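Two complexes, one shared chain (subunit A), two partners (subunit B, subunit C).
For the complex of A and B:
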C-alpha cells in the first residue's frame, strides 16, 4: 500500500511540476503570454467563464450529446458484440475490420453526416457513437469469450433460464472486461462529440473553444479548454474508481 | 439408463459413447473409471440431461430426461465452477436464492452446508482467496444445499493433490451417508474408485462401454483408512487389469 501511495505522490508531483514549469516559463516571458496563458490565469479564466454562465448552454448541449451518444454506443455495442459472439462466421468476417477501425479518423465522416442529417444534434450523436461503439463491441466479445464453459453448464445444472443465466452468471463474469470497454467508450464519445462541435457546429463546448480561437480570445479559449480537460479527467476517474472496486473484490488475496 | 448411444455429428463424426446400460440403485455409491478420452464426461452430460443421447433413453425416478437437468439431480464439475464475484456464502446460496425458497430456509441450509464442508472460517472469503480444494468444497456445498437425491461428480478432485483427495474422499463418503443420496462419481483414479464405491463400472476405450462392473462389498461405514485393507489392493488390481489393455489402446491410438 505504501508503495502504491509513493507512486501516486510522485505522479502528482510530476504533474504539479510540469504545471509549475509552464507557469514559470510564461511568467518569465520565455513563452509569449499571448500564445499560452499561464496556468493560473487559465484557471481564473475557466472559473470566470463557468461562473458567468456563458458556457451553460454549451455545457448542456455538449453533455447531453455525449450522454446520448454514449448510452447508444453502450447499448448497441453490447448488443452487437453479443450477436457477433453467437454468429462465429459473421464474426470471422468482421473481426479484422473491427481491429483496424481505430486507424480510421472517424470525424472525417462528419461533413457527410452533416450533409445527411443537417447541422444539429443528430450528426454529433452519430459521430460520438461511431467513435465509441467499436470499443464496446470488442470488449463485449472479449468478456463473453472469457466466460468459462463450465459456468454455462453450471447454469443449466442449476436450472437457470436464459435470462437468469445472462443476468446472474454471464454478466457478472464478463463485467470487468465489459467495463473496460465502457470506460474507453466514454473517452471516445467525448472526443468524437467535441471534435465534431469544433469542426462545424453552432453550440457546445467544442464550438466555444473554436469560436474563441477564431476571435483571438485566448482567455475564453483556454478557460473552455481547461474545463473540457477537467471534465474528461473527472469522468474517466469516476469510471476507473468504480472499475477497480469491481476488480479488487475478485482478486482479493 | 438404457441402450444409450451418443455420437457427435462431427466433422469428423465421433462415436463417443455406448451402447451403455446402467441402473443405479437408490442410495448407491457408483464410480466410473476409464481410460482418458473414453467418454466419461460425455456419459455424465447425458446422465444429468445436459446432453441428449443420440439413441436410447435416460430416466430419473421413472421420468425420461429431455435435455434438461431434472429437479433432484445435483452436479459437481471437474473444472472450478466457483463464482469469482460472490463470497463463499453467496456462492453456496446461489442456486437456492433463485429457487424462490423462503429466506430463513435458505440461510439455515447454507449455514449447515458451510459447517458441514468445513468452510466456517472462510464464509466471507472470495474464491480467489481459497485453494483449489476449498473452491471445490464450495461447489460441492452449493450442490448439497439443493438437497439432491442424485449427485453426479465429474472428476471433482482431479486437480487436487493426493492427500487432499483422500480427505475429500472421506468427506464425500460422510456426505453420502448423511444425505442418503445416490452418488455417481466419475474419476480417473482407480484407488479413489476402489475406496469410495459400492460398485465400480470400468469403461472401455472409445466408444465407451462398460467392460466390467465390480462390487466392492465395503460396509456403509467406511473411510480412507480402508486403503490398508488387503481387499483394497485386490480391488485396485482387478480394476487395473480390466483397464490396462483399454488404456493401452487409447495410447496406441494417439501414437
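For the complex of A and C:
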C-alpha cells in the first residue's frame, strides 16, 4: 500500500511540477504568451467562459450529440456482437472487417456524411457512432467468448430458461469485458463528435474552439479547450474507477 | 492494456478462405453502390465512377504533390512515434517505479480528444509540415509506448536472469533477448501507432491546411466535387487496410 501511495504522490507532484514549469516558462517569456497562455490564465478564462454562459449552447449541443451517439453505439454494438457470436459463419466473414476497422481514420468519412445528411446533428451522431460501435461489438464478442462452456452446461443441467441463463450466468461472466468496451466507446464517441465539430460544423464545443482559433481569441480558445479536456478526463476517470471496482468484485468471488 | 488491443479482436479462424473475403468485398461494393444510387450521387460517387476518377487523378502531377506531402508527413510522424515510443517504453518498462507513475498519465492522454489541442500545436509549430508531424506523433507515440512498457513489464524474469548469467552486455541483452521476446507486443503497438499517426496527420491536413490528401478531401467537399472526395476516401481506406492486413498477417504467423 505504501508503494502505491508513493507512486500516486510522485504522479501528483510530477503533474503539478509540469504545470508550474509551463506557468514559469510563460511568465518568463520563454514561451510566447501569444501562443500558449499560462495555466493560471487558462483556468481563469475557463471559469469566466463557463460562468458567462457563452458555452451553454455549445455544451447542450455537444453533450446531447455525444449522449445520442453513445447510447446508439452501446445498444447497436451489443446487439450486433451478440448476433455475431450466435452466427459463427457470418462472424468469420466479418472478422477481417472488425480487425482492420480502426486502422482507417473514421474522420475521412465525415465530409461524405455532411454531404449526405447536411451540416448539423445527424452527421455528428453518425460519426460518433462509427467511432464507438465497433469497440462495443469487439468487446461484446470477447465477453461472450469468455463465458466458460461449463457454466452454460450447468445452466442447461439446471434447466434455466434463456433469460435466466443470460441474467445469472452470461452477464456476470461477460460484464468486465463488456464494461471495458462501454468505457472505450464513450471516449471514442466523445473524440468523434468533438473532432467532427472542430473540423466542420456550426455549433458545439469543438466548433467554439476552432472558431476562437480562427478569430485569434486565445482567451476563448484556451477556456473552451481546458473545459473540454477536463470533462473528458473526468468522464474517463469515473468509468475507470467503476471498471476497476467491477474487476475487484470479480476477483473476490 | 486490453483497451489498446482493440482490433486485435476475435481469434483468427483458419478455414476462412478467399471466398469469404470476396463475399465481404462484394457486399461492401453493393452497399456503396446502393448509397450512391439512393442519393443520386450528390453525396457519394458510385464505385465505378470513383475508380475511373481516381485513375485520372493519379495521372495529374498536382495530385502527386498532395499525396507526397501526406506520405512524407506520415512517414516522419510514424518513424518518430516508433523511435520515441519504443525508447520511452523501454525506459518506463525497465524502471518500474517511473513506469507506474507514468502509465495512467499516458493512458489518460490516449483517451482525451486530442483534436482540441491542435490549435496549440499550430500556434507553437506554425502552419505546415511540422504541425502535421507533431500532431501525428502525439497520436501515434502513446500506444507504442504503452504496449512496449507492458511487454517489458510482463517479460519472464528467467530470460533476463539467463542473460545475466551469460554475462551479456546491456546492448546485447536488448538486441538478443528483450526485443525478440517483446516483438509481438511491439508489432501490435506499431500497428496501432501506424493507424493513429496517419489519423493525426490527416486531421491536421483537414484543418486549415493547403496541402495533402486531407486538404483534398475537405476541398472536394467545399467545391461539391463528389468524385474527388469519394476517390480520396477510397484511396485512404485501401492504403490503410492493406498496411494493417500486412501487419496482422505478420502477427499471426508468429
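By our rule, the second predicted complex is superposed on the first by the 251 of 253 C-alpha atoms of A that agree within 3 Å, B and C clash if a C-alpha of one lies under 4 Å from a C-alpha of the other, contacts with A are read in each partner's own complex, and residues count from 1 in each chain.
Going forward, contacts are C-beta pairs under 8 Å (C-beta built on N, C-alpha and C of every residue); 3 or more make two chains touch, one makes a residue touch a chain.
The model shown is predicted, which means the values in this text are computed figures rather than measured ones.
For A:250, decide between first (touching subunit B), second (touching subunit C), both and neither.
The first partner, subunit B, only.
Quick one: is A:156 in contact with subunit B, with subunit C, with both, or with neither? Answer first, second, both or neither.
first
Taking the superposition on A as described, I'd like to know which of subunit B and subunit C A:27 touches: first, second, both or neither.
neither
I want to verify the contact counts: of subunit B and subunit C, which reaches more residues of subunit A?
Subunit A has more residues touched by C than by the other partner.
Going by the contact rule set out at the top, does A:86 touch subunit B (first), subunit C (second), both, or neither?
Neither partner.
Per the contact definition in the header, classify A:111: touching subunit B only (first), subunit C only (second), both, or neither.
Once the two structures are laid over each other on A, A:111 reaches subunit C alone.
If you lay the two complexes on top of each other, which residues of subunit A touch subunit B in one and subunit C in the other?
Common interface on subunit A, subunit B vs subunit C: nothing in common.
Flag every residue of subunit B that touches subunit A in the complex, lowest number first.
Within the complex, subunit B contacts subunit A at residues 48, 50, 68-69, 71, 73-75, 77-81, 83-85, 94-95, 98, 126, 128-129, 146.
Note which residues of subunit C are touching subunit A in the complex, please.
It comes out as residues 2-3, 6-13, 15-16, 20-21, 23-24, 35, 39, 42-44, 97, 100-102, 104-105, 108, 111-120, 122-124, 191-192, 194-195, 198-199, 202-203, 206-208, 214, 217-218, 220-221, 226, 229-230, 232-233, 236-237, 240-241, 243-245, 248.
State the interface residues of subunit A toward subunit C in the complex, per the touch definition above.
Contact set of subunit A toward subunit C: 6-7, 10-11, 14-15, 34-36, 91-105, 107-109, 111-112, 114-116, 135, 138, 141-142, 145, 177, 180, 183-184, 187, 190-191, 194-195, 198-200, 206, 209-210, 212-214, 218, 221, 224-225, 228-229, 232-233, 236-237.
Show which residues of subunit A lie in contact with subunit B when the two form their complex.
Its residues touching subunit B are 148, 150-151, 153-154, 156-160, 164, 168-169, 172-173, 175, 246, 249-253.
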